[in-house]
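Each of the next two complexes has chain A plus one more chain, namely chain B in the first and chain C in the second.
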Partner chain A sequence: MADTIIASQPTPAWRLAIRHPRRKTLVAFGLLAPSLVLLALFTYWPIIQLTWQSLHGQQRVGGPQVYTGLKNFADLVADPAFRKALVNNLIYAFGTVLPSLVLALGFALALARSNRINTVLRSLFFLPVLLPLVAAASIFLFLFLPNVGLLDYYLAKLALSGPNWLGDPDVALWSIMVLTIWKNAGYYMLFFLAGLQAIPADANEAAILEGANPWQRLRYVTLPYLKPTIGFVLVIGLTNVVTQVDHVFVLTKGGPADATNLLLFYVYQQAVENYEPGRAAAGSLAMLGLLLALTAASLRTLERSFGEPES
Partner chain B sequence: MTTTRRSLLAGAALAATFAMTPAFGQSPTEIELFFPVPVDGQLARDMATLIKEFNEGHPAIKVTPVYTGSYDETLIKTRAAMKAGKPPAVSIMSANFLRDLQIEGEIQPLDTLIKADGKSNDQFMGQFFPALSGNAVLDRSVYGVPFHNSTPILYINAEHFKEVGLDPENPPKNWAELAAAAAKLTKREGDRVTRWGIAIPSQYDTGGWLLQALTYSNGGRWFNVDYAGEVYYDEPSTLGALTFWSDLVKNKVLQPGVQQNGAVSTAFLSGQASMMLHSTGSLTFVRSNAKFPLKVAFVPKNLQNQVPIGGASLVVPTGVEGERRKAAWTLINWMTSPEKSGWWSRATGYFAPNMQAYELPEMKAFLDKNPDAKVAVDQLAYARPWFATYKTVPVRKAVEDELANVLSGKKSPKEALVAAQKAADEIMKPYVEQTALKLPGSN
Partner chain C sequence: MSVANREISPKLGYGATLLVAALWAVPFLWMLVAAFNPESTGAGMAALIPDYVPSLANFAEAWGLADFPRYGLNTAIISFGILAVQFVTITLAGYAFARIDFPGRSFCFYLFLTQLMLAPVALIVPNLVTIASLGLYDSLLGVMAPYFASAFGTFLMRQAFRAIPRELEEAALIDGASIGQRIRLIYLPLAKPSLIAFAIVSVTSHWNEFLWPLMVINSPDLRPLTVGLATFTRGAEGAQAWGVIAAGTLIVSAPLILAFVLFQRAFVNSFVSSGIK
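On to the complex of A and B.
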């Protein structure tokens, strides 16, 4: 229909020009060029540089950078701090992504109906997202402050005393995880709210007619419809746990005794504090590989759930 | 088309004018100063004031102060600028980074500049407190000029002292008195501690520094001042110091786990801790925020009074040459002169490295008014260099991670120090193999 309307008018010259196949490719490249240039400059070129750096190191203290093969990668794997950071990052990933997902879904389900109270509550839950991570961490630094912090202040009113939230190697990572969950749940809630809007009303109505209880409706109607959203949020969540360490800088600097050291912070330490650019580059590449694998896996799950026929 | 060409021509003419300007007037030598602010925002404004005064007095030089964040960030940014081929003419660098920078060839010796002024290195360094030489003079060459410095010191809440029957005029002088005072000052409600006798920061950077202070007070050496490949973590003097620290936790007068600098000064200022070991660099901040009578004292000793210095020095990165180098030297000498040194000291609480600063009337008046600042200066007689080795930060972190393990009850002091020594030796191995263990016959 639309085509016939356009065809009935004289076709402008530019439109004819881009219909030519070769021209079409050119135009496509032209349109892609800005982001391609940016990607090349700020993503692909750094990756090439990183790869070069990961294969080079000092042979002599104070000496020039020479080719050292895979030595940096071997050093990386042999470094207990790297293994510790890897394990921490895994605990951190599971311990933050799953709870924030569940919380976000809970918030979204509770606040799905649009009314004035829910709008206010949604904004409240979304508020932490608006804060930069560094600022949020500074606030939590105060909450976690031993003796005088808000947390200990209220515990003291109950005649209790808390642990050293950021200074105890057994507790610090969990304290940091609380911040991450608090910060991210509201963000993921947005996606779930959008996902819930997309569920056709008749699916739920049919389920009610069939006598499904709320739990069954959640399990057999809502969750299957939300699958693509869950996959998407999973990708974002996993990317976040690898790429965001601002709060580690502010709260613990990876301590005590590497208890809160995460991969990206480890890379920073190698590059800056230890002055081992080669090992830092190797660490970055390892992280990049990990991220690509995680994203590919999540995206595949995502596509599969998109491709599923509606039943 | 014509407009484009015309504007191009105009642009070229303009560029030519700019290019020719230096030929007409004597344009000033432009240099940058990278400076960190370890404490708070006020200091950044103080630095701007200081540099403005320099520029007004030196029309041939134009200094642009560049605020570069913390000590660590200043190191990163200086290195990044050097990599890009545009090193700053002067950087204010944490005094314990100088050894690493010298080993990597990233800062230049200042000997020829000192010689051109008709002085020997000893004469030049003679204007500063002797304790500061160890972190500035490396392999007999001067690599840095001390700018502001600190030592650890004991802060005391005099009100709490009186409350429990201790005399604030007679503060703890040794470890036994310190432990006894801490026990007396601690308050409990059942099992819950409501006031800690003492607070000691143990975060990265400060933890190592204070363990060094206790080890020095216990007669120890901590690290080899003359050789960058040796530390003495697994030694009786260090073991005694760490055990003393850990016993404070065991006796429940010091909170277990790692404590951060900010948390410690907050606890002290809010009356949740009655004493604290902290840097003299915090003195101005603590003095102006304490709502109780404040006292300071030397770090208590076990065997001797001895503390490490802290603070920062002015360095000239490698690659700064010619007029820029000369201008850098003029700036450095001006900033470390007795007048400016003293002014900066009064603004910050750091002590002035230049001894002459304390002969000036305004400084004498200041010390009369603030006797606590005088205690900090008096302790300098017992100060020694700050920990600095090949790869200073990770070698220090090796012992700080173990300190954290001890303070949270995960390891005994002995186990911890054996592990710290092993980790530190591993990090310094490449350097040791190419220096002390590089022998004739091997390669």
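On to the complex of A and C.
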């Protein structure tokens, strides 16, 4: 039966079945429906809710939500804890992403050739990525412990003494940053390893024939080729550091004196501990804004420092 | 032998990498040495070279202090539950984007991609309200629900499906295969590498997640490993029981590290091909 239809028509029926526009659209949206419903519920609706909540507040405790204009944002900016968290987050973002990136690139360049030792070393650098961030924090809790902890114990053997790594407001954020770099550099290394493999061998050979030294080859051959990878790593790195604060919970709870408070932790405090939904919403939007701005800025910087990509 | 090998800089770089590698290993080394220490507290806990007869005492104590098997079960239910639902949603949506030409397709696609920009953690506050109003507060389903749709997974499946020749599907169509049969019998088997890559990345990220389950879960019985470990660490920290903390951390970290050791290449490939956790 099907055979005769195909034989008798210029366009076979089974092709019409796929190409019939209304039926096609219906099928497509039927297939998309589960995802669209879930995205609406957990991505689009929350954004609307955040925006609405950031513009509303209660006049008195337990009172109705009334429109308060930009009051939540004004309160947010006036809150020293928020300003501290914002500055901390910027320091934390640049102070972890840039060193991680340089280390990751260094690891990848050194371990690019595949042999048994390099495979082991790559795994070693990648291992922290698999650890839950709270587990990494549990380990570093002892590393940073005053006096008896690992760092102070070995510093004492060298007749040195360290600061209170997590207790000193001037030091604590930097200690947290060390953990973050340790945790993430191996992840970024993977992308550089993949990026290095895509560089044609002739490019390097030509540079060697021209008498370029290793630094020149890195600057003028390797880095331009790795530009898309660097951009990609910058974006995921910045996203990672703004959206991951698990270690802050375990190590410092944002203290001492908000020295390690980061935006997401601040939002959590406002929402869960202080019951300030308006301020938490304004803080969430500020965080999203920061994330987008950092990503855009880092990509633009990259564009400028290496010029147009060679195709 | 190329000129490069005779130059000094690459060798210096390799030496520096070896040094950094030694530093990188220190936290792991400490965890191992402290976990198998017969003691759990005191001045000797900082040793990186074991000077004792290994003991499982710290593991026994950690095991007794926290219900790790139950936390592990909760984490497994969350991670694999999310993955199971994601497989359905991303396959269906991926097929629609890859193979059906419908009005509004590119608009819908961009609508999906916004999920990549709007990091789910930035939305935890309103999502908690939604979860509560759905009656899912303090339930594993509440932890899982926001992740059931995945823009990243959809994108991955779309790419995989587009690489499959249309002729295969058209042949099946002539034989009268329904759309469900075509996806199940033609598309999914050929997209297996992408499915495995997505599975590894999805399970790893949800296995390690902390903040969202911390907010959704209230009952101790429903805690995942990460929340259980944080609570456990806080308790043991008060008692200065560092060996016990090391043992607990090792217990919690072991499953993924073991999986990595077994399927190293698959892990590395999927992390590279994905990029976004």
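Quick note on the criterion: the second predicted complex is superposed on the first by the 257 of 311 C-alpha atoms of A that agree within 3 Å, B and C clash if a C-alpha of one lies under 4 Å from a C-alpha of the other, contacts with A are read in each partner's own complex, and residues count from 1 in each chain.
Just so it is clear, contacts are C-beta pairs under 8 Å (C-beta built on N, C-alpha and C of every residue); 3 or more make two chains touch, one makes a residue touch a chain.
All figures in this text were calculated on a predicted structure; none of them were measured in a lab.
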item	value
Contacts of A:61 with chain B and chain C, given as first, second, both or neither	first
Touched partner set for A:299, first chain B, second chain C, both or neither	neither
Partner chain(s) touched by A:169 [first = chain B, second = chain C, both, neither]	first
Partner chain(s) touched by A:272 [first = chain B, second = chain C, both, neither]	both
Contacts of A:255 with chain B and chain C, given as first, second, both or neither	first
Touching partner for A:178 - first (chain B), second (chain C), both, neither	neither
When both partners are placed on the shared chain, which of chain B and chain C touches more of chain A	C
Partner chain in contact with A:160 - chain B first, chain C second, else both or neither	first
First, second, both or neither for A:213, with chain B first and chain C second	second
Partner chain(s) touched by A:148 [first = chain B, second = chain C, both, neither]	both
Footprint overlap on chain A, comparing chain B with chain C	141, 145, 148, 272
Chain A contact footprint on chain C (complex, rising order)	2-4, 7, 9-10, 13-14, 16-18, 20-21, 24-28, 30-31, 34, 42-43, 45-46, 48, 88-90, 92-93, 95-96, 100-103, 105, 108, 111-112, 114-115, 117-130, 145-146, 148-149, 151, 154, 170, 173-174, 176, 179, 204, 207-208, 210-211, 214-215, 225-226, 229-230, 233-234, 237, 242, 245-246, 248-249, 252-253, 256-257, 260, 264, 268, 271-272, 275-276
Interface residues, chain A side, partner chain C - complex	2, 6, 14-15, 17-18, 21, 24-25, 27-29, 31-32, 34-36, 38-39, 41-47, 49-50, 53, 103, 106-107, 109-111, 121-143, 145, 148-150, 153-154, 182, 186-187, 190-191, 193-194, 208, 213-215, 232, 236, 239, 242-246, 249-250, 264, 267-268, 271-272, 277, 280-281, 284, 287-288, 291-292
Partner chain A, residues of chain B touching it in the complex	72, 75-76, 100, 103-105, 189-194, 196, 202-204, 255-260, 262-263, 266-267, 270, 272-273, 390-391, 393-394, 397, 400-402, 404-405, 407-408, 410, 427, 430-431, 434-435
Contact set on chain A toward chain B in their complex	60-62, 141, 145-148, 156, 159-161, 163-164, 166-170, 253-259, 269, 272-275
